[in-house]
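Following are the structures in question.
Shared chain: chain A. Partners: chain B in the first complex, chain C in the second.
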Partner chain A sequence: MRRYLGLLFTYRSREGTVAWLFHRISGLAIWAFLVLHVLDIYLVGDNPGAYDDILRFYASPVGRVLEVLLGAALLYHALNGLRIVIIDLWPSMAQYHKVLWRASWVIFILLGLPGAAIILLPLYRDSLTSLLHTLGIN
Partner chain B sequence: MQISPKSKGRAKPSGSRVEIFIWYFMRLSGVALFVLALAHFSILHFIYDPSKETADFILGQRWSELFWRVNDWLLLTLVVLHSTFGVRTVVNDYLHSPRGRVITLSLLYILTLLLLAGGTMAVASAGAPGA
Partner chain C sequence: MQVDLRILRYDPERDKKPHWETYRVESAPMDRVLDVLNAVKWEKDGTLTYRRSCAHGVCGSDAMLINGRNRLACKIRVDQLGKKISVAPLPGFAVIKDLVVDMEDFFAKYRSVHPYQIDERPMPVTERLQSPEDRARYDDTTKCILCAACTSSCPSFWAKDTYVGPAAIVQAHRFIFDTRDEGSDERLEILADADGVWRCRTIFNCTEACPRGIDITRAILEVSSAIVERSV
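Our next item is the complex of A and B:
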C-alpha cells in the first residue's frame, strides 16, 4: 500500500501517474456502487417497500455526501477516459497531453461544483428559507 | 518533449484477437457511457431528486415509457461489461499466480452474469402484471 501511495508523491510522479491512479480508484468505486445499484433496482419490482427504505437512505445527509463522491468519481472517470480515448485514437494529440489533463480538471470543477451544490442544497432548505425570511426577501 | 508513458492509455495489445477486441470495446463503450452514464446521473440527481424516486415513481413514471426501459437496459449492459473488463485488468495487474487469477476472474465473471441477468429481469419485468 505504501508503495502505491508513494507513487503519488515521489519524483517520478507526473500527471500521467496521478491520472492513472485516480482512474483506477474511481473505476473500482463506480463498480462497487454498480453492484449495489443493480441490487436496489431489482427490489423495485420484487419488494417495493425495501427499495423505498434504501431510497430514504440515499436522500439522507450521509447518502447525499456519498452521492457527491459517486458523482465526482463518475465525472473524473468520464473526463479522463475521454482524454485517454483522444490520445489513443489520435496519437498526435499526445503532445497536448498536459493541456488535455488541465482542461479535464477545469471542466471537472465547472460542472462538479454546481452539481455538488444541487445534491447537497436540500439538506439546507430549512435554513435557507429562514435566512431569506430574516432578510425579508421571502 | 518527454511524454509520460502513462499519459497514454494502456498500449494497444498485439496478437491476441480477444485482447484487441477488449481494447477497442473499452474505448467505444467508454465514449457511449460518457453520454449515457452522465445523462443518467444528471437526470436522477439534478432534474429529479432521490427523495422523490420511490418505487411508485419508477414504475408509474420513469419506466412507464418503453424508451427509458430500453435506455436503462443499454446503460446496464454497457456499464457491466465495461467495468468487468476494467476489473479484469486490475486483477491481472496485481495477481500473478495463474491459480489465483483463474479463481478471482471466475468469481468476477459469475458476478457479471448475475448483474446482467438480475438487472435485465428488473428492467424488463418490474411492474408487469404477475411479475
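Our next item is the complex of A and C:
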C-alpha cells in the first residue's frame, strides 16, 4: 500500500488521475454517509432521544457545512460518473475526456452553488433579511 | 548551458536501496535526455546503466521516468524540461540496475494476447487485400513500440501487477480489429479475464505517457466494448 501511494502521489499525473481520485474519495464519503444514515434511522426505534440529538446536530452550523460537503460529493460523483459512462459507451469520446471533465465542473458549480446557498440559508437568513431591508427590498 | 541531471542509481551488488546522484553536464537545448545520459556515462561515470538502441524514438528501449512522467529519453528535449532534470527507472517494475528494469513479466503479458496474425485459411496466391477503411480501423495501435511507458504509468498496474496492462491490450487491439485475422475470439476471451480490460479505470495516464501519441484508453474501451458485444 505504501509503495502504491508513493507511486500515485509522486507520478506527475494530469486531469484523468485527479478525476479518478476525486471519484474514489467522493464514493467513500457517500458510502460513509450511507452507513451513518442506516445507523441514525435505526435509532428512531431504538433510542428516539439520540435520534433527535443527531437531527439537531444535522441542523447545526457544523451539520449544515457537512451536508454541503455531502451534496458536493454526491454531485461530483454523479457528474463524473456520467463522464465515465459517456466515454465507456462511445470510446471515440476518450479524446475529449478533459473537456468533459471541465464541463462537469461547470455544471457542478452551476448546480452546487445554489444548492449550498439553500442548505446554508438558516445560517445567514437574518443577515440577508436585514441587508434586503436596508436596500429597500422586502 | 549546464544541466543538473539527478539520477536514481541502484547497484544490487553495492546498494541496499536506490539513491539519487546529481551530475552537472554541459548540454545544448536541442539535446535529448539520452544525449545527457550518454555524456554522464561517457565522460563522468561509466558504471551508469541504462537501455538504449536506435536513439530515435523507434525501438522503445529508453523509456524512463523523466521529471515525474514516463517518456522516451531519446525523444524529450532538454529545452522542454529545464536545467534541472531528474531521471528514474520506470515505476512499478523491479529494478535490475540503475535505469534498467526487469521487463520479463511485461513481455510475458504481451505474448499472452497472441500478438501475431492468426489465420488458418489456405495461403492465398496473392496478398490478402484490405480496404483503406478496414486498415484505418486499427491504424492507431500499429504505432506501439512496446516501450512500456503506458503500463508503467498505470495506477491499476501499480495496484495489481497481474493486470495485463495497457501495452498488451493495445497489441491485442491491433489484431482484434484486423479483418484479415481470425483470432479475435480467443484474444477477447483472454482479455475478458479479471486481470484483463476490466481493470482499466479510465485514468488516462497511459494515453498521456505514450510517446507515439496512441489513444490507448480509447483502444482499451473499444476492446471492452467488443467483449460486451460478443457476449450479448
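One rule holds for everything that comes next: the second predicted complex is superposed on the first by the 118 of 138 C-alpha atoms of A that agree within 3 Å, B and C clash if a C-alpha of one lies under 4 Å from a C-alpha of the other, contacts with A are read in each partner's own complex, and residues count from 1 in each chain.
Keep this in mind: a contact is a pair of C-beta atoms (placed from the backbone, for glycine too) under 8 Å apart; a residue touches a chain by one contact, two chains touch by 3 or more.
Remember, predicted model here, so these are calculated numbers, not experimental data.
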Contacts of A:S92 with chain B and chain C, given as first, second, both or neither: second
Partner chain(s) touched by A:G45 [first = chain B, second = chain C, both, neither]: first
Partner chain(s) touched by A:A78 [first = chain B, second = chain C, both, neither]: first
Touching partner for A:I107 - first (chain B), second (chain C), both, neither: neither
First (chain B), second (chain C), both or neither touched by A:L34: first
Touched chain A residues, chain B compared with chain C: B
First, second, both or neither for A:L66, with chain B first and chain C second: neither
Partner chain in contact with A:A116 - chain B first, chain C second, else both or neither: neither
Partner chain in contact with A:E15 - chain B first, chain C second, else both or neither: both
Contacts on chain A seen with chain B and repeated with chain C across the two complexes: 14-17, 20, 84, 87-88, 91, 94-95, 97
Residues of chain A touching chain B in the complex: 14-17, 19-20, 24, 27-28, 30-31, 34-35, 38-39, 41-46, 48-49, 51-52, 55, 58-59, 63-64, 67, 70-71, 74-75, 78, 81-82, 84-85, 87-89, 91, 94-95, 97, 101, 115, 118-119, 122
Touching residues (chain side chain C, partner chain A) in the complex: 65, 67-69, 91-92, 153, 155, 158-159, 201-205, 207-208, 215, 217-219, 221-222, 224-225
Touch list for chain A against partner chain C, complex: 3-4, 7-8, 10-17, 20, 84, 87-88, 91-92, 94-95, 97
Parts of chain B lying in touch with chain A, wherever the complex brings them together: 1, 3-9, 12, 27, 30-31, 33-34, 37-38, 41-42, 45-46, 49-51, 53-56, 58-59, 76, 79-80, 83, 86-87, 90, 111, 115, 118-119, 121-123, 125-128, 131
